[in-house]
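What follows is a set of structures for review.
Heads up, the next two complexes both have chain A, just with different partners, chain B and then chain C.
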Partner chain A sequence: MGDVKLIIDGTEVSGPSGMTILEAANETDINIPTLCHRPDLKPEGNCRICVVEVEGSPRLVASCHTPITEGMVINTCTPKALAARKTVVELLIAGHTGPCVTDECAKDCELHYLAAELEVGPPRFQVKARRSYPMETLSPYVQRDMGRCILCRRCVRACTEIAKKNVFSMAYRGFHSKVVVDCDVPLDKEECRDCGICIDYCPTSALTKPNKGVS
Partner chain B sequence: MERDQLLGMIKEEQAKNGSVSDGAMAHIAQTLHLPIGNVYGVTTFYSFLSTRPLGRHVIHICKSVPCFLQNGAMMAAAIEKELGISPGETTSDGRFSFELTNCIGACDQAPAMLVDDEVYGDLTPEKIGEILKSFE
Partner chain C sequence: MPEKKILTKNCGKIDPGDVSTYEAEGGFKALEKTLRISPEEVIAEVKASGLRGRGGAGFPCGAKWELARKSKGDEKVLICNADEGEVGTFKDRYLLQHDPFSLMEGMAIAGYAIGAGKGYIYLRSEYHYLLEGLQKAIDQSKEKGYLKDLEIEIREGAGAYICGEESALMNSIEGKRGESRFRPPFPPESGLFEKPTIINNVETLVNVPHIIQNGSEWYGAMGTDESKGTKLFCVSGDVARPGVYEMELGCDLKELVMDLAGAKEIKMIQVGGSTGGIIPSDMLSTPLAYETILGSGAVMVFDQTRDVVDFTYRTMEFLNEESCGKCTPCREGTEVMVGVLGRLVNGEGVDGDMEVLEELSDTMKLSALCGLGQTAPVPVLDTLKYFRKDYENRISQSVFLRSLKTVNG
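Moving on, here comes the complex of A and B:
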């Protein structure tokens, strides 16, 4: 039992200091959706799917990287939080390229799963130019289709933190942000072998095993 | 942390050589024990750092909202027409490079641009033509 006491969805919870809201919620079986976060990666708060309302805070906070504090009163499922999550999914889908809806891979896509769960309707946002990049097929181990990438950075962290290889970096800015290899060259690196960790951690079909993915 | 020195080193390279080449990025990466992708990432994040050689003068047109609402896009189109180059390009005579940038703090004079370190505000396509004439 920890020393920080707080209330999540009306239930009194406690945990050690340094614990995140998400972890505290999960301990009491309260489910908060996540996308960019994985329990075994350092939280970065990139996607904002996991937002919750904290009483007294004017803004929604991302539960995956916000530590619990004494006396916090958190509501995970308010209309405001749900609306924000839904908008996040809509915006991510709007920037996406590829025939994802009809695509075989889409059934494994966490973004599509979230869209269904949050009851996201027909597209509301029109994007003038969708993110589109040539498919990278040079590497025998990982095929990259960056038009399908939602910039969660899970591959970047998995490669750095778990595989300890640092193959991927973030480059550019805003709408042009991209996960790159070296000075933005197609993936084909000596140190990138068949560990496949980035593929396992990618929530979309942006990273696939060659031959298995759709071309 | 070595990373703390990263931006300083990139800026120094930019100031010294006018751009940050792949070779320079590789050198910085090696010195700081960072993956080269991290150096590339930081360099490409900032519009005042460039990974390709630039012309003698660099035009930065502001694309942030206040300028956008004052026809900033039309000013970018005027530059394109005047010089025959798109953002990210350099004229064949090496006289101008043309870039887009986020807010340069001249919103009160929107639409605004920078040519090298000088701010030009309340732009019109005609005014842009005049301003560019004064650069060799």
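Moving on, here comes the complex of A and C:
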């Protein structure tokens, strides 16, 4: 309990200043779906799944990085917010070359769960060419299939912030943005050992342990 | 309403390579006046004038400065946004080229008001040829003692449209990938290198000496209720006399493009650049102001020979190419839109294409991280609103073409 008071879905909530909307909601057991955010990583706000409606704001607000302010009135499940979340999931599904729905590893895919939770229907959107890259199998510790990547950048942050290795970074722009190693070479680096942290943080099957994931 | 030359009064008159010619026109008098009053009084004057940002978003300038002034922090930063990446915008170049000293004076006053010791000019890479002249203007102003408290450094961009967006611009200066940051915190609270930062467009800063010199009352007498002063308009496209026109805000679009620039047989006009709104020919008597339509001041005229769907496709191709790639709605949304519009242009449209564009637009407008993704759907929605028939025709043509193919096997 803290000094900033606000209302989330009709319930009065309070928290210390600096707390995010997502944290405040979680404390009162209000569930807001997230994808790019993890409680132990710095928020980045790139996926836009966690958007909510804040009274007085013309746009939706991402709850994972927006701090609470006194008197805020937040609604997490309005038709606008739900429609935006659904569209975002559909867009992510449309853009990547995932094994979704049919394949085994879809069972572990967070995107797949989200699609089910948000009741995403048949695909409305189509891209000219889905992202597709050759499988990277050089490293004995991490196998990368970047066509399955949904650009949440959790691996980048986990490697930097938790493993303190900085193996990954972002390259290219727009739709062609990609998580890369050095100047976009297949992963095979001295620093990268068997910590496996990036694999744990990857929501899809883009990063797997060699021979264990589906290859 | 004829042209009203205030910001451009020195252009063509002074020698942009010689500070004494600027002084001879009364230059740096406003700075002298500034230094005799307190920073708070300067901010109050700018606030009272009603000056709003000329970079596109139109945020009240004085209010922004006040936030930075009140922010805690020993070091504060002033950035002049000279990235001018908006399609069809070339007013900042005109000012930088013909009167760089007005910008020096504006920056010196802004620096004093917010308490910044360090200033940057973020220069568009395509304006590399202006670098030397600009550096000379800094050096000469410094020699004369006008920049005692503000050290100005020029930083060049590398050709990305998104780096004109304030948070991506700061990332770029910091040496990071040019992509947007989430807000809050807003720059006046925590900006460049986490220091309180003010980012203003070139034209905004060039307004400041005139406000200080002549007073907010004089300034406030020009324009409309919510749009004070004059504005530089960049007229381009199907016109006889393209160029920069300085007009009082609230002026008539028709007068600007037809009487002054000599446009004929207009089909539509895009105001504000690639993400700007569309004005069809039967709405030409729209006043140009923040209340109605303005953006960066780009006014691109399209005549009857132009195709609306082609135009929308090309615009979306640009925005898709320039999306930074950080957030889903813009990165994936513009890609899907380019696909749909591209099919329409190539005669491969299907029923439901317009609905897909509209549904995507909603999500992008509401949930994209920065201004690019939030406003990318504007030309799509506006053309769908005013030229829906053009889209319908494209789709029925596509259906017809496909039926021929089936018949012929």
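The definition used in the following text is that the second predicted complex is superposed on the first by the 213 of 215 C-alpha atoms of A that agree within 3 Å, B and C clash if a C-alpha of one lies under 4 Å from a C-alpha of the other, contacts with A are read in each partner's own complex, and residues count from 1 in each chain.
FYI, a residue touches a chain if its C-beta (ideal position, glycine included) is under 8 Å from a C-beta of that chain, and two chains touch if they have at least 3 such contacts.
These numbers were taken from a predicted model, which means no experiment stands behind them.
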item: Clash or fit (per the criteria above) of chain B with chain C on chain A; value: clash
item: Partner chain(s) touched by A:V51 [first = chain B, second = chain C, both, neither]; value: second
item: Which of chain B and chain C A:P43 touches, first, second, both or neither; value: second
item: Which superposed partner A:L92 touches (first chain B, second chain C, both, neither); value: second
item: Partner chain in contact with A:L6 - chain B first, chain C second, else both or neither; value: neither
item: Which of chain B and chain C A:F168 touches, first, second, both or neither; value: first
item: Touched partner set for A:K128, first chain B, second chain C, both or neither; value: second
item: First (chain B), second (chain C), both or neither touched by A:A24; value: neither
item: Touched partner set for A:D182, first chain B, second chain C, both or neither; value: first
item: Segment of chain C intruding into chain B (one of 62-70, 206-214 or 314-322); value: 314-322
item: Chain C-contacting residues of chain A that also contact chain B; value: 170, 172-173
item: Residues on chain B engaged by chain A in the complex (per definition of touch); value: 22, 25, 35-38, 40-41, 44-47, 51
item: Touching residues on chain C, where the partner in the complex is chain A; value: 160, 177, 179, 182, 184, 320-329, 331-336, 338-339, 342, 356, 359-360, 362-363, 365-369, 374
item: For the chain A and chain C complex, residues of the former touching the latter; value: 43-49, 51, 59-60, 62, 65-67, 80, 83-84, 87-88, 91-92, 94-95, 124-128, 151, 170, 172-177
item: Chain B-facing residues of chain A, complex; value: 166-173, 180-184
